[in-house]
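Each chain carries a letter (A, B, C and D) given by its place in the written order, and its residues are counted from 1.
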Amino acid sequence: MVKNLGQQHSILNQYIAEIRDERVQQDSLRFRRNLERIGMFFGYRISETLVYEKKEITTTLGVAEVPVLTDYPVLATILRAGLPLHQGLLNVFDKSENAFISAYRMYHKDGRFSIQIEYSSTPDVEGKVVILSDSMLATGASMVLAYKELLTNGKPKHTHIISILASTEGVEYLKRSLPGSDITLWVGAIDEELTAQAYIVPGLGDAGDLAYGKKL
Amino acid sequence: MVKNLGQQHSILNQYIAEIRDERVQQDSLRFRRNLERIGMFFGYRISETLVYEKKEITTTLGVAEVPVLTDYPVLATILRAGLPLHQGLLNVFDKSENAFISAYRMYHKDGRFSIQIEYSSTPDVEGKVVILSDSMLATGASMVLAYKELLTNGKPKHTHIISILASTEGVEYLKRSLPGSDITLWVGAIDEELTAQAYIVPGLGDAGDLAYGKKL
Amino acid sequence: MVKNLGQQHSILNQYIAEIRDERVQQDSLRFRRNLERIGMFFGYRISETLVYEKKEITTTLGVAEVPVLTDYPVLATILRAGLPLHQGLLNVFDKSENAFISAYRMYHKDGRFSIQIEYSSTPDVEGKVVILSDSMLATGASMVLAYKELLTNGKPKHTHIISILASTEGVEYLKRSLPGSDITLWVGAIDEELTAQAYIVPGLGDAGDLAYGKKL
Amino acid sequence: MVKNLGQQHSILNQYIAEIRDERVQQDSLRFRRNLERIGMFFGYRISETLVYEKKEITTTLGVAEVPVLTDYPVLATILRAGLPLHQGLLNVFDKSENAFISAYRMYHKDGRFSIQIEYSSTPDVEGKVVILSDSMLATGASMVLAYKELLTNGKPKHTHIISILASTEGVEYLKRSLPGSDITLWVGAIDEELTAQAYIVPGLGDAGDLAYGKKL
């Protein structure tokens, strides 16, 4: 199931416009802040799907019955571009367990590349709700690999995958690779083109570089 | 029109449970953080009602058409208890103009009190969308006075009034006092009782004191 | 005693350059963030002057003896321009009590003005350390009045007055008006000129307008 | 050169007391917030050692000469425990390039372990000032390996290594392994004991687990 939050009017689109804009994105403080805010609002929307239970809360003046979160979701992200988005999610779900996964493109002689997992710090996810986030979904290969890496630590009850910008091709690849009903893909926009170098067009460029600077 | 966001499941209720809880609320850092987060999510939900226009955004790789906010709402709050909530709204609407209004209870010899405006720093609100926030809506008198104070600087196109906790009596007073269709009241919960000292029950106590300490 | 933190090299000067810069200051998110960061570093430096007591802290693996703050200072600020600076101070001293004071310029027929206190929400300050902050110290009249307003709630043990930018004239006025040894003035820069309209030159313009928009 | 910021009175010690305290550290929101604040104040103190150049800043009312940062330092951190500390440093140096490095303990059959680098996303550091941070310095092996990993991308002009809590043994190991004058070690406290399992005593436990939850 794909939920495109950019299709309904909200301030999310303002932030997406800012992170795409080649001038505005030069301010990396604002760029990261936008990713973080976007993470908060994806988190809020996902929170609407979680399970709550009524609890009696003792106030100084009486007792209130308020629905509280039964279980906090596990927050998993892909390094390094996913970190500001993850920060936003952690702002929302401050009691969550967290997972950090890194995947990299291993380039072959012919110029093609494959995605390899190199770092994974992941809690037990058996029977839990997981939110797996990355800023972009280009080919979708990193996200699928990261998801499979999570599965080595248990089978989540449900996984919400967040990607601010996705390519049509990436969305299709994800649907094909992870066909189950226990996955929801949340995106802010779907762009049609994906270049041979796996850049989303019009996209926004390289989210990791914009947030944290170029790496060697 | 009254929108009670606490009636649908979301993480908002978790935060409301925490600010009500007499033990959790003792941590004023978390208390203020909860008000701020609540402000962000009220802001997000209100942002769904605002006007957007499609704009062509030049990315490094192409041109994207994204809906951006036509006009930022004016963010008005009531001192001092509204400040953390206002901070959350300003996190969302970072380009907004702001208004700060203070109202106080002037106690009379017979123990009754009336609400007086003492401080107002307000921009022109003529034809603009205004978000007027306070943490609590007890009798509703401060909110109505603050709204009327805003009107001395123009007639807003629409005013969204936010109150995390409201009393049934306060909601009724607001509806009666501000009957127009150009006002939406957003609340997180409505409590039934209001004491003679104008405390909401079960409520959460005094939001200003919990955020900033007791005043003389 | 005057402590000019801008006279020694630190990142504070970078932020002061940014809030002065007529182009950079147009981004009100960054402008407020800079005031907040400046507030945090003034708070840190003032924290070096406070009283600590050794306390035995039980860790999961043993007992550590660590100096902790004996008493949190009261954080007082002047509305509305002082609010982002105050936020930074509250980030540092999260358990502090807070005071909010507003002063306004009452203009007389001849174009001169006097400063009046209109709003004050202040805790008991008797025997406490107080940090009183405002972004600018122009004539110094607001700061002196705010200080005197605080005195109606007790006599502080020591008061640290913070002003990011001060005029030479304002500093002199403060020294003359509050001659005691129980006051320390902390500034980020002292500018020589003060216009007849009480603007500091080169200054930065109106900090309140830059943070929150123009008011009527 | 070792700079122990915990030896002078400042609010830093209050935060260190809180992250050590087995009860207070259960609130992971506060725990992360404390690491982030600590990062900001280490950053501030390190900023005093950086190079500034006077620049003429055009204000709306004149021209001010203010020292601005000539070059932003590269901010390198060790995953995952270093992330909240790194966030604090990035709050200070918002225009910095960033490096993320992960090291893990590879356990051998005899129960001993060696540290391996598994992930590194690092910019060119040739001739630059680098701030390399991790929350703890236990044996010192991860920090030394991370530093050597950085060297594969150039020779920094100077490297500031931050560790909130260090063991005496770790400090000695670092001095021995990185003897040059181009390294400064900044710590918040030095604890005497290091267990066979490489836990600092009294320490604070596992900073990564406290910030992000246990991993499998």
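One rule holds in what follows: a contact is a pair of C-beta atoms (placed from the backbone, for glycine too) under 8 Å apart; a residue touches a chain by one contact, two chains touch by 3 or more.
Owing to the predicted nature of the structure, the values given are computational and were not obtained by experimental measurement.
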For chain D, the least number of touch steps when starting out from chain B: 1
Pair exhibiting more inter-chain C-beta contacts, A-C or A-B: A-B
Most distant chain from chain D, judged by the mean position of its C-alpha atoms: B
Intercentroid distance (Cα basis), chain B paired with chain A, Å: 30
Between chain C and chain A, distance of the C-alpha-averaged centres to the nearest whole Å: 40
Shared-contact residues (touching 2 or more other chains) in chain D: 29
Chain D - residues contacting chain A, complex: 28-29, 32, 79-80, 83, 87, 90, 94-100, 102, 118-119, 121-124, 153, 208, 212-216
Residues of chain C defined as touching chain D within the complex: 6, 8-14, 16-17, 20-22, 37, 40-41, 43-44, 47-48, 50, 52, 55, 57-64, 66-69, 91-93, 189, 191, 193, 195, 199-205
Chain C - residues contacting chain A, complex: 27, 29-30, 33
